[in-house]
Amino acid sequence: MPGNSLGERFRITTFGESHGKGVGVVIDGLPAGLPISEDDIYFELQFRRPGRFLVSGRRETDQPIILSGVFEGRTTGAPLTIYIENKDIMSQFYEEIRYKPRPGHADLPYILKYGFKNWDYRGGGRASARETAARVAAGAVAKKLLMLHNVLIAGYLKSLGPIEVKEPITIEEAICSRNSPTRAPRKDIEELYEKEILEVTKEGDSLGGVVEAFIANTPIGLGEPVFDKFKADLAKAMLSIPAAIGFEYGLGFYGAKLKGSEANDEIVYENNRYRWKYNKAGGILGGLTNGENVIFRVAFKPTSSIRKPQYTVDLRTNERTTISVIGRHDPAVVIRGVSVVEAMAAIVAVDHALRAGIIPSVRLSKDQADKIEENWERYKKLC
Amino acid sequence: MPGNSLGERFRITTFGESHGKGVGVVIDGLPAGLPISEDDIYFELQFRRPGRFLVSGRRETDQPIILSGVFEGRTTGAPLTIYIENKDIMSQFYEEIRYKPRPGHADLPYILKYGFKNWDYRGGGRASARETAARVAAGAVAKKLLMLHNVLIAGYLKSLGPIEVKEPITIEEAICSRNSPTRAPRKDIEELYEKEILEVTKEGDSLGGVVEAFIANTPIGLGEPVFDKFKADLAKAMLSIPAAIGFEYGLGFYGAKLKGSEANDEIVYENNRYRWKYNKAGGILGGLTNGENVIFRVAFKPTSSIRKPQYTVDLRTNERTTISVIGRHDPAVVIRGVSVVEAMAAIVAVDHALRAGIIPSVRLSKDQADKIEENWERYKKLC
Amino acid sequence: MPGNSLGERFRITTFGESHGKGVGVVIDGLPAGLPISEDDIYFELQFRRPGRFLVSGRRETDQPIILSGVFEGRTTGAPLTIYIENKDIMSQFYEEIRYKPRPGHADLPYILKYGFKNWDYRGGGRASARETAARVAAGAVAKKLLMLHNVLIAGYLKSLGPIEVKEPITIEEAICSRNSPTRAPRKDIEELYEKEILEVTKEGDSLGGVVEAFIANTPIGLGEPVFDKFKADLAKAMLSIPAAIGFEYGLGFYGAKLKGSEANDEIVYENNRYRWKYNKAGGILGGLTNGENVIFRVAFKPTSSIRKPQYTVDLRTNERTTISVIGRHDPAVVIRGVSVVEAMAAIVAVDHALRAGIIPSVRLSKDQADKIEENWERYKKLC
Amino acid sequence: MPGNSLGERFRITTFGESHGKGVGVVIDGLPAGLPISEDDIYFELQFRRPGRFLVSGRRETDQPIILSGVFEGRTTGAPLTIYIENKDIMSQFYEEIRYKPRPGHADLPYILKYGFKNWDYRGGGRASARETAARVAAGAVAKKLLMLHNVLIAGYLKSLGPIEVKEPITIEEAICSRNSPTRAPRKDIEELYEKEILEVTKEGDSLGGVVEAFIANTPIGLGEPVFDKFKADLAKAMLSIPAAIGFEYGLGFYGAKLKGSEANDEIVYENNRYRWKYNKAGGILGGLTNGENVIFRVAFKPTSSIRKPQYTVDLRTNERTTISVIGRHDPAVVIRGVSVVEAMAAIVAVDHALRAGIIPSVRLSKDQADKIEENWERYKKLC
């Protein structure tokens, strides 16, 4: 299969470019009977929307339109298509980059692969972060379907440039970070993040950062040995996000410095189920979820489009030149990356829940649909 | 598709258990005309073989048998099956773990998912690292096919427990680490590694570590937006390896601390091609290979099977108990992990080369086959 | 993968319902550089359009809109999305069928599978032949891309109810049948077909028929043993069409009555290539195209929605009742089936040409694009 | 994915050549807990075995060996590998065909696709019907798993050359045809078939024929719109069989001659379920199984390897020559085709049952396993 689809049973196919007519996603594999509305999808989209404080100046309403797959408010089992029009396009910013590929950006690799004349340079075309709106839309559907088991998925900004949250963060704090313009998990950190961003914006520069995310109330046994382990599919989903350059779960790179006796975790039996005492495994053991919270981190590089002049090559002459990327860019893509990380985690989790038969693949009963609605309402009201 | 296959055009399906009849792999998608022999496959298998100094005491000859797909020394386009018999099996070591799941191991998640009675506990069954022999066998075929473009793939042990190689290592040094029992890139480091292992073995404990690996002479444009980016498929392949708990490429987690002006890389035009001055992107930009060396790192947790007694639960009573895992286990699975990382990288690279049409999908010409043989001979003689 | 996608390298995903907002298709796997326009797509859509003489009274302009994947008139390598709005909807016709499933129709199986409340009964919802507009749109793109090798694909109506064309038809006649409202290959047959349709329409009944189709100038070696044989993928594509109930190629069911010496075909060497003297194999041998014209037939059942009263069950009471389906229905779906058969054949052929590397998977050169345009213009002017 | 795998959730990958070491299949996607033995597999293999009366003189014991995936008699959820050694090989028969491609055979297309030197000509290599032993082995596993719903699958020889069974055959008669050397459904037909075969054998010629097969006790709702309809996947599976040249279900090609009022079928409500009065749809409506018996037919061409001299080309000179294929060949491959048709139908049915969640994808309970064993024992004792 070509590369614009993901998932075995919950299968998303995204389409659209930054400055084309719009972006969208087709979701195939949904059971019939899931109550879903454009408002449900918008609920998640609002948290990644450009135009929020401190992110890109582009102002998209990001109003999702359901083109297919829903009848009288419920899914029918047919493909669900969500479409988001591009409205606030200012392509004039991009004429310069047509000939001056931006350092750190997809521009030149796309040109080398697909040919200069076939490259939709306007706003980065297909390689633009705009495409992630389609992922977040699909993620909203995934999150809602996961409400069948009350699975909660949330991320927050664990570090921004040199500033790092050292203390442990709860999943509740992570969920509530959706109300913070920097996805900071706490007020004091929010202040530090904002100050850092203002500073770097003044310099015409940008920042990287790390997202930490949780999957709570995870069903046991998600993942399929030996290649579609939960950790493997999660890693792929995360690294498929623009600007993501690292993934780890549980102890991660730190765990590589430990001894077995330190990294292993005692198994205990409590309240009629097996537990892992300190969840050192980050919820995944043998590639399968073990019922503990899945905890993972994704490293994002700094936004590559910066105002600060940088050296590059003029493709017309192959001579050295400088570029100062104006356009409207996030000072730190990692901030909106939090929403995308959550969406991709939901997509992987729901796909494996369908594969394992924990969510029915054909249709939901009325009771199941009702339970989903209830849990979803509660989730929306959190924070 | 269920989880035991990987790859779109170079498709591997592994099978077999630790203490069953054997392990093997079916490779589908090979062009006809590739010269391949059991010796070629063995060449790579020898570097991951148990029984080498400092790794598991299990002594497998790991002699691969080609069951199908080769005629008069060349592939026919039909599935190539490689089978490796299990010979040195001592299942008696494993009776105890049937009821006492090992902390840090796949035992309990497998039992919870597949059912106690269906769990092949002998040596970890399907979850055993023995399965990676099949991956390395497939990787040998992938590596050889990549010789069409003289692509070189090599890893080494960048860190072992607290010991870390700080200075940059060349791909030549990485290749030659295959002669080191600890996959150390240099003699002085080898000594440090061996000392550390002996110490930890004495304690009945184990060590984690980090593999760094390179793909050199990488064709430009491997990877398919937006989900099958090269970085995404590489991440999945790496995290599918038992004990792998983190992946990063290029600047990785360190890059998340930088500013855009620091993380971006100047594009230059040299010798009729575009280059990235410092290869800060680790060879992947916009999810596509850019022609620079691909550089990435994989974190491995310490071997979870250790002699040192650990608390766990007795499944018959659900009471706390202790287990001291005897069996024959590597003090640091990360050492043999180097071979597996190389194999998985080769499998991903060749898959994307086929997808991009850079390697013909139907058959190789005689010239192409000859070039492959030549480059392969040279590769075998390195070091 | 769920069921709404088809193809390995030319991957189509259709979406939309009969009486929803519209229908559409996402095509993933197109090389960059293919010149394509909404007019190109419309060129093919016009031949299946409802509202032509003797087919459904529904009048859709079927104007395709390209939502993504094209930049300055050429594909970019990103997913190409084509969307066709539903305009002429009269859902009031369908209230009755909500409770009275039509005999011979998908109604009841959909209800039994997805649940009564999740069934979009308006016009048959997802099961409506309206979905095939998306297939024909994708088929237009496939047909155009196949112009790289001047592959010609055309079908015609070989039989309608009891009337059957016995004499051999040429591919040129098949192509020109696109100008006949009944897809008749010749004027005299057209008259017979029309008379038959008028008669059956008067009775409130409908007709079945057989489409015969050709793929000419077929590249040698399309198809992948042993499951993705060309004949196998063709069969699947054809049987995926609503109302299709049989497929055969070459001698087909007639060949099953023959002896080997009658069914085998002499191989000859002519004009520097191998030929099969009488093309008894219908262009496919060993599951691979052999360079001769691919010839196959698809049987369609009569339109199941008929005015004539039929017995069915009232779902509210489970009592016997009668239904007289009014709505606007083709007297013989097989007529528009010809366009769909062509489209599906093109989709299968282009998919296998991409798999075989005969069409480049990443991008077309300018020369290749020019050749495609030329051949396409010639193709449009035929007849 | 390359072409040697089939199925979404019950995924088979076959390997091996006619005159190589052996043939085999890896089955991925089996739930844990299925009781399966080599005897179970052999039970089905015996019915396709060469060496039975009136089929190829080749005498293979066809003893299957389970290489992986079974522990203490039950599946573990890991890939199940079945291997069948080639024993009775007489490759000397085949030297001649290396240069004289057999009319009607895969020889020349394989050479043209994969290259003369990469073509395993011995016994047809990968294109040999020997590969179907692996399908029947996988089919045995599928059949057994389907016993969870007591699904019965059986075919018989409906026509052989000019002789055709006109009267309706029951599924019981079809099952018992496994005891007939010609898969005749009744004694009187058996005599006719045998006489015909002896005659044609004397002439050094061969016969085609039609297999009719049933799937009884079919769960409702198998199939996934719009491409993976049950009829579509069934068609693909059937046309993937060597020598298969046509497929139809229900009324098939005959139905194309009817009117809607004749082809439609009354829906009735009986014994608390909906039924179709005459099962004119052959058990599939809207692409979904409707709970009635699935009935379909597959046309096979005559064995292409015949003793009777035929014209072909000598590849060394490209001159006309004759070939008289000696080797050991079935006078009518369609006879053994019955077993293969059954196996492929079982594979498609079990795949869709898994996709629909009607068979659990992770593990079977003890009760489910017991029910399977019971039904299997009863099935084996039929006839």
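Should a chain be cited, it is by its letter among A, B, C and D, assigned in written order, with residues numbered from 1 in that chain.
Keep in mind that, in the parts below, contacts are C-beta pairs under 8 Å (C-beta built on N, C-alpha and C of every residue); 3 or more make two chains touch, one makes a residue touch a chain.
Quantities reported herein were computed from a predicted structural model and do not represent experimental measurements.
Peer 1: By the touch rule set out at the top, what is the minimum number of steps from chain B to chain D?
Peer 2: The fewest touching-chain steps linking chain B to chain D number 1.
Peer 1: Tell me, which chains sit next to both chain C and chain D?
Peer 2: Per touch definition, common to chain C and chain D: A, B.
Peer 1: Going by average Cα coordinates, which chain is farthest removed from chain B?
Peer 2: Max centre-to-centre separation from chain B belongs to C.
Peer 1: Report, in whole Å, the distance between the mean C-alpha point of chain A and the mean C-alpha point of chain D.
Peer 2: 45
Peer 1: Centre to centre, by mean C-alpha position, how many angstrom separate chain A and chain C?
Peer 2: Each chain reduced to its C-alpha mean, chain A and chain C end up 38 Å apart.
Peer 1: Chain A to chain B: how many Å between their CA centres?
Peer 2: Comparing mean C-alpha positions, chain B is 28 Å from chain A.
Peer 1: List, in ascending order, every residue of chain C touching at least 2 other chains.
Peer 2: Each of 1-5, 8, 14, 77-78, 113, 126, 221, 225, 362 in chain C touches at least two other chains.
Peer 1: Okay, in this complex, where on chain B does chain A touch?
Peer 2: For this pair, the touching residues of chain B are 1-6, 8, 14, 101, 103-110, 112-113, 126-127, 131, 159, 161-162, 200, 203, 205-210, 220-221, 223-229, 231-240, 242, 244-253, 255-269, 274, 280-282, 285-291, 299-306, 308, 310-313, 318-320, 334.
Peer 1: Can you check the complex and tell me which residues of chain A touch chain C?
Peer 2: The contact residues of chain A facing chain C are 1-5, 8-9, 11, 13-17, 20-24, 26, 28-29, 32-33, 65, 67-69, 71-72, 74-81, 83, 113-115, 117-120, 125-126, 362-363.
Peer 1: Can you name the residues of chain D that touch chain A in the complex?
Peer 2: That would be residues 8, 77-78, 221, 225, 355-357, 360-362 of chain D.
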